[in-house]
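Chains: A, B and C, in written order; residue numbering restarts at 1 for each.
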Amino acid sequence: MLEIRGHARGGQGMVTAFEILAKIFSQLGDFQVQAFPAFGVERTGAPIQAFLRVAKKEILNRSNIYNPNLIVVFDESLLDMVPVFDGLKDQGAVLINTEKPRSHFADLGKTVYTIPATRISLDHGLGSKSLPIVNAAMIGAIGYLFDANLDILQQTIRKNVPAKPEANAKAAKVAFEIVVGDVFPNTYLHERMHAVGNNEEPVVFNFVESDDPAIGIEAPFWSMPLSKNKTGNWRVVTPKYVDRRPPCNHNCPAGTDVRQFVKLAGEKKYAEAYELLYEHNPFPGVCGRVCPHFCEQNCNRNEFDEGLNIGAIERFLGEQALNIPAERVPVTQKEKIAVVGAGPAGLTAALRLCEKGYAVTVFEALPHAGGMMRSGIPKFRLPDAVLDQEIQRIQDKGVEILLNKRVNIHELTDEYAAVITAVGSHVGTSLHLDNEEELSLDGITFLREFKLSGKDAGIKKGDRIAIIGGGNTAIDVARTTMRLGAEPTIYYRRTIKEMPAIAQEVEEALAEGVHIRFLTAPTAIGKNKKDQTELTLIDMELGEPDESGRRRPVPVAGTEKNLCFQKVIKAIGQRFDDFVFHGKEVEPKQGWLQWADDVPVFCAGDMAWGGTVTEAIGSGNKVAEEVHAFLQELEYHPEETLPDIVLPKDINFTYYLPIPKHRDRVKHPEDLYQNFEELSAGLREQDIVAESARCLHCGDCYSCGNCFNFCPDAAILIDDQGRLRIDYDYCKGCGICAEECPCSAIEFTLTEMAS
Amino acid sequence: MKTEILEKNTGLNKQASRYPRHRQLIMKGNYAAAEAAKLCRVGFVPAYPITPQTTIVERLSEMVSSGEMDAKYTNMDSEHSAFAAALGAALGGERVFTATAGQGLFYAHEVLHAIAHFRLPMVIANVGRPSIPWNIWSDQSDSLAQRDTGWVQFYGESSQEVLDTMIQSYLLAEQLNLPVMVVLDAFYQSHTSENVWVPDIDLVDEFLPAKVPGPMSIDIDNPKAFGGLMPPEHYNKLNYTYWRDAIQVEEKAEQIARDFATLFGREYHNVEAINIGPQTKLVLITVSSITSTARGVIKKYPDIGLLKIRLFKPFPKASVQEALSVLPKDAILAPVERNYMGDREGAIFQEMQRALYGMPFKMYDFYAGAGGKDVPPVTIEKIIHLARTNPKEVNWVDIS
Amino acid sequence: MKPANDFLIRDEQVFSGALSCRGCGWSLLVRHLASLLGPDTVYVLPASCFSIISGPYPLAELKANVVHTLFAAAPATATGIRAALDRQGKTKTNVVVLAGDGGTFDIGLQALSGAAARSENIIYIVNNNGAYMNTGIQTSTATPYGAVTTTNPGEGYKKSWPKDLMGIIAAHNLPYAATCSLAFMEDFREKVTRTKNTEGFRLLMIDGPCPPGHKTEPGDSIHIARLAVETRLFPLFEIVRQHYKLTYKPESFLPVEECLKYQGRFRHLFREENKAMLEDIQEHTDNTWNRLLALEKLANVIA
């Protein structure tokens, strides 16, 4: 007689598997079979047993199997909790559902077979995520040990499984084919199955006679704590608290920990929030005002009501600098570093290296530091005082800024151990039209000259101005000329959807009275008979997407028209000034430029990457890391792997209430003329706190208590510090905590797969 | 409705000094049961009416509402619920009583098992009647069908015996943590008014101590789970201890009856042997009211004895054997059955047979009073006649 | 937003280790219930999943007395326990029946009605998971129309509507009865508290998630319970002396499919040929809801 004992968890299908196996064995020859489970009260996931006897003669034993010839383990995790191998015959074999090598079970000293039944079952969609039903695969594997006929095996499975007959039959076939072991079929098992003689071993027992067998139970009551029953070993899928990356953090080019500074602001820990913000962004005041706030744009709250006004929070925190003195960082490194360009990238890189103890000198061609923040952003968006203060702080920390120093790398090779070029993109690009040079102005130059020297290019009240482009420069030019009394119209060749300018800026420009004409591009510029500047514009339509992913504008033939303007200002893009490379042709890119032997040259900011202040700051942060690593001969690994980002689908919005966004207090003056006052006044403190409270805490447990409150198994504890932790002794892995976590701070992954 | 309990005239009562600290009353068997519940200071009576038991619960409700009895009385929605409520209150530590009959007892069958396996001491009265087709008359098949529930069963011969047995039963139940059923015959006892000596309650108090919490009592300060799932090996052990205690009933009941006799002056035994000796040729075996009639009939037959079974479950094997040990080998035994249990022989015969294993006596079974059919002296005479002449192994008397 | 540190259970009255399936409503329900009722409570359990969940010999889940009793007899057993406690002066001790839908709608209905009509001072909790789940998913009179069970298998899915237990209960003129959902935790806990503070026979019916019985992902238990309320398949209301009051009125009218589609027991309803059944369920759901609204209005008129 052959005796097989199975160990599984309730719900894995073992009882059905043993019934099916009995039917299969009965078809393999003239066999008597007997299959039955050890009935228990256990629930899905709890350890269970099943028994199977196969014999050539009548089976005269209806009791449980204590000394099996084969032990089949449906769930590997049972090995640690149940004496699975108890009573196995000396020559007996075991079959285990595992992905571990057989050598792992060498200590057993038995014939071991393995089968990755869980994986096979998941591959075939059998069972649920929290409990794969592995029975078909196990039947397949057992079948192979006995050289069972695969057709019979599959057919019997199809006929007897409660659902998914084909998937089950396939899973069995896969298992049949890949079961791992030395001997097939197993000769011992085969011999036991076919044994006809009465060669069963004698029954041995001890009979203890006692005068007082009073070991009885007087009455059926009890009170031992159920916590002795560790249900944690039922778990197949395991929840875990995780810190997942929120989209705000992920989308901040400067690498700011947005979620955390918002949280600290909400808790009124402003100084702490400022310090945290400053770790990645030395220009919170600037960025709070001018950054397009990728954080805010990608805020998961946008899917619910509106993204957080992170800009206002950042701006508010920037103001906290006044209360926090900057301390000068002592120079501790021998290497001196030169930075060319005192824009956001250069100053950020300089600050970071200064903080690491390097002596850093920044060379700035203009008479003022700040780069594009200084020259390209109008005062009504960014008052000088805000910028001055943030630059001053960088100098206070120890960065030296030399103004009016237009330098090239050659001039720096002797003194400096490394040079960072961060000259920005201050040279306007061309429309490639005839007469363009004399008949049009360059927008970025106009903004710079107006801001630094008050030169208004002769623009006066009532002037009709054409502005070509759709970026922030175009908008800033338009709004500046509005304040000079002119009537600006922006001509953009795509639609508002593709416009690269910050949406809010576009809205404000429109509110101020700027006209924007979409799907229009200039084809010629000239003078008319009245000596007015005449612009020929053509209608465009959107064609196939180009390499930027935006649809390419295509001219519509025959739609040309001529319009007259006092001024035409082009703002279609900028490039960097290549003086820094003293004429050498260089393709700037973020990081180390491997072109000069005499001094290591690095590149950062607009000239290499991006186009916003924050991107430049991020670039500065990164290049500083790289320079430091280079000088100290450390390994440098820029982040390459795509992190796991919390997406709107991960948020359980049930637990959030719609709250209107707190919008900046914006004062639009009655008369814009000559009014360069800042428009936005940000948010008041109470609104900052309230707005911070709108944060969803994406991927960050904020101890809301849902997991604790909804855990059916009382398997979540609150530790001494009030933090939540999962009690894996009892967690059955139902997944409710992960599902009901509002902010996706619990991951739920298959235990076996995870390990 | 005011229930009249006829107190015998003062003269009679005064001269009735036979039992000190007693009053002699004329009382129906049902009222004797109710009176016993009061004397035993029962705290909770869940009730459900059924003929012929109804006057027991009516009397109890009357005593509770008048303040004569300090108990909670609840009209339940069925016997199943009544017994379940009894179970609950017993778990709560109260002394509990309820009464039922026939269908009511059949309906409560599963609760009887639960009460017994919970080891809850309680006493109930059952006024025997059979099942459908509707019949409200005397029959013991209802209680005999509960033989295997683990309940102790006493069958009373008279109203006096019902009252006295209930008092003894509470003591037995609470000493062994077992439930006890006291069975009366419908009408022949339940509704028969007769002389009953009712003890003073302080006398009962001396015999039956106040109820104290047992192992199966709810204690709010020491919470426990009562009666949940018990795996096979433990259930087996639980049954072992039940068995161990149940087999003490015979001796314990005898002891309690002795103590009762000392205090109250009335003697009871598990079985009573009347005129059983070396001269006896025939022994009638009876339970309940038929016993009295049989007593009368055999008086004129010096060679006929009578064995009254009072404790029926667990069946008092040793007492029976001892009572019959003096018989000559050729003596004949004749159980009188007021039950039909779906088998060849009646319940008394079945139980006697196993008690008699190894004894030489020939036994013939006599079905005589099922469904309340009267068993007058003449029926007893017929049984004697049949037994002495040409008995079949099983005989139905008076069916032609 | 859900506030931080909103830990509803401050004094856990259960031991971990409950023998419930993953995502079980029973064990979650009892966790909260026990913490709200406190240790001065006697629980009375007829046969149900919870008989097992709460621990076989020698283990006990609850830190209070638990009496396991017969399937049909829980309110009667509770009546006896109440009587005993009252006689001992323990009138403040809660006596609480924890029953499933089978033990309530079917076999236990008589005893329930009896105890309710007697105004026994008992709390009755029915965890309605819509079938005899403990014995392996057999139909009860609480089983929803259209559901598949092992006694209404395949095309033999249940073709009758479940009993209106709350209507039956309302007819007993109770001081307090209510329906609750674990997904509406605050509402549920408030109702338990109100139940605790009311005297007389009180009943709460909870929509009981049961992943093996409903064929759902264990992790979805709360989510689906919420959808049951949002789709009005399981309306939340209170009944005080026959006066109805809806305690939650969903803002939007979610179709019943939104809840049914997560449950394998209703999978067949989504086949084209069974479309009419889904419509029937929607209509029945709408009618029930409208009837509740009318009853609520009636209550206002009478009051």
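As a convention for this text, contacts are C-beta pairs under 8 Å (C-beta built on N, C-alpha and C of every residue); 3 or more make two chains touch, one makes a residue touch a chain.
Everything quoted here is computed from the prediction, not taken from an experiment.
Undergrad: Indicate, using Cα centroids, the chain positioned nearest the centre of all protein chains shown.
TA: Central chain: C.
Undergrad: Which of the two pairs, A-C or A-B, is linked by more C-beta contacts?
TA: Per the contact counts, A-C leads.
Undergrad: From the mean C-alpha coordinate of subunit B to that of subunit C, what's the distance rounded to whole Å?
TA: Subunit B and subunit C have C-alpha centres separated by 44 Å.
Undergrad: On a C-alpha centroid basis, what's the spacing between subunit A and subunit C, in Å?
TA: Computed value for the inter-centroid distance: 41 Å.
Undergrad: Between subunit A and subunit B, what's the gap in Å when you average each chain's C-alpha atoms?
TA: Each chain reduced to its C-alpha mean, subunit A and subunit B end up 80 Å apart.
Undergrad: Specify, in ascending order, the residues of subunit C that touch 2 or more different other chains.
TA: Residue numbers touching two or more other chains: 52, 54-60.
Undergrad: If you look at subunit B, which of its residues touch at least two other chains?
TA: 223-230, 234
Undergrad: Scan subunit A for residues touching two or more other chains and write them down.
TA: In subunit A, residues 41, 220, 222-223 touch at least two other chains, as defined above.
Undergrad: Touching residues of subunit A toward subunit B in the complex: what are they?
TA: My answer: residues 41, 213-223.
Undergrad: Which of the residues in subunit C end up touching subunit B in this complex?
TA: 39-40, 42, 44-45, 51-52, 54-60, 62-70, 72-88, 90, 93, 110-111, 113-115, 117-118
Undergrad: Looking at the complex, which residues from subunit C come into contact with subunit A?
TA: Against subunit A, subunit C makes touches at 1-9, 12, 14-28, 31, 52-61, 182, 185, 211-212, 217-223, 226.
Undergrad: Residue numbers of subunit A touching subunit C in their complex, please.
TA: My answer: residues 11, 41-46, 128-131, 220, 222-231, 234, 654-657, 659, 693-694, 696, 702-706, 708-715, 718, 722, 727, 729-730, 732-736, 738-740, 742, 748.
Undergrad: In the complex formed with subunit C, which residues of subunit B make contact?
TA: Residues 43-44, 46, 72, 74-78, 80-94, 96, 110-111, 114, 218-220, 223-231, 234 of subunit B touch subunit C in their complex.
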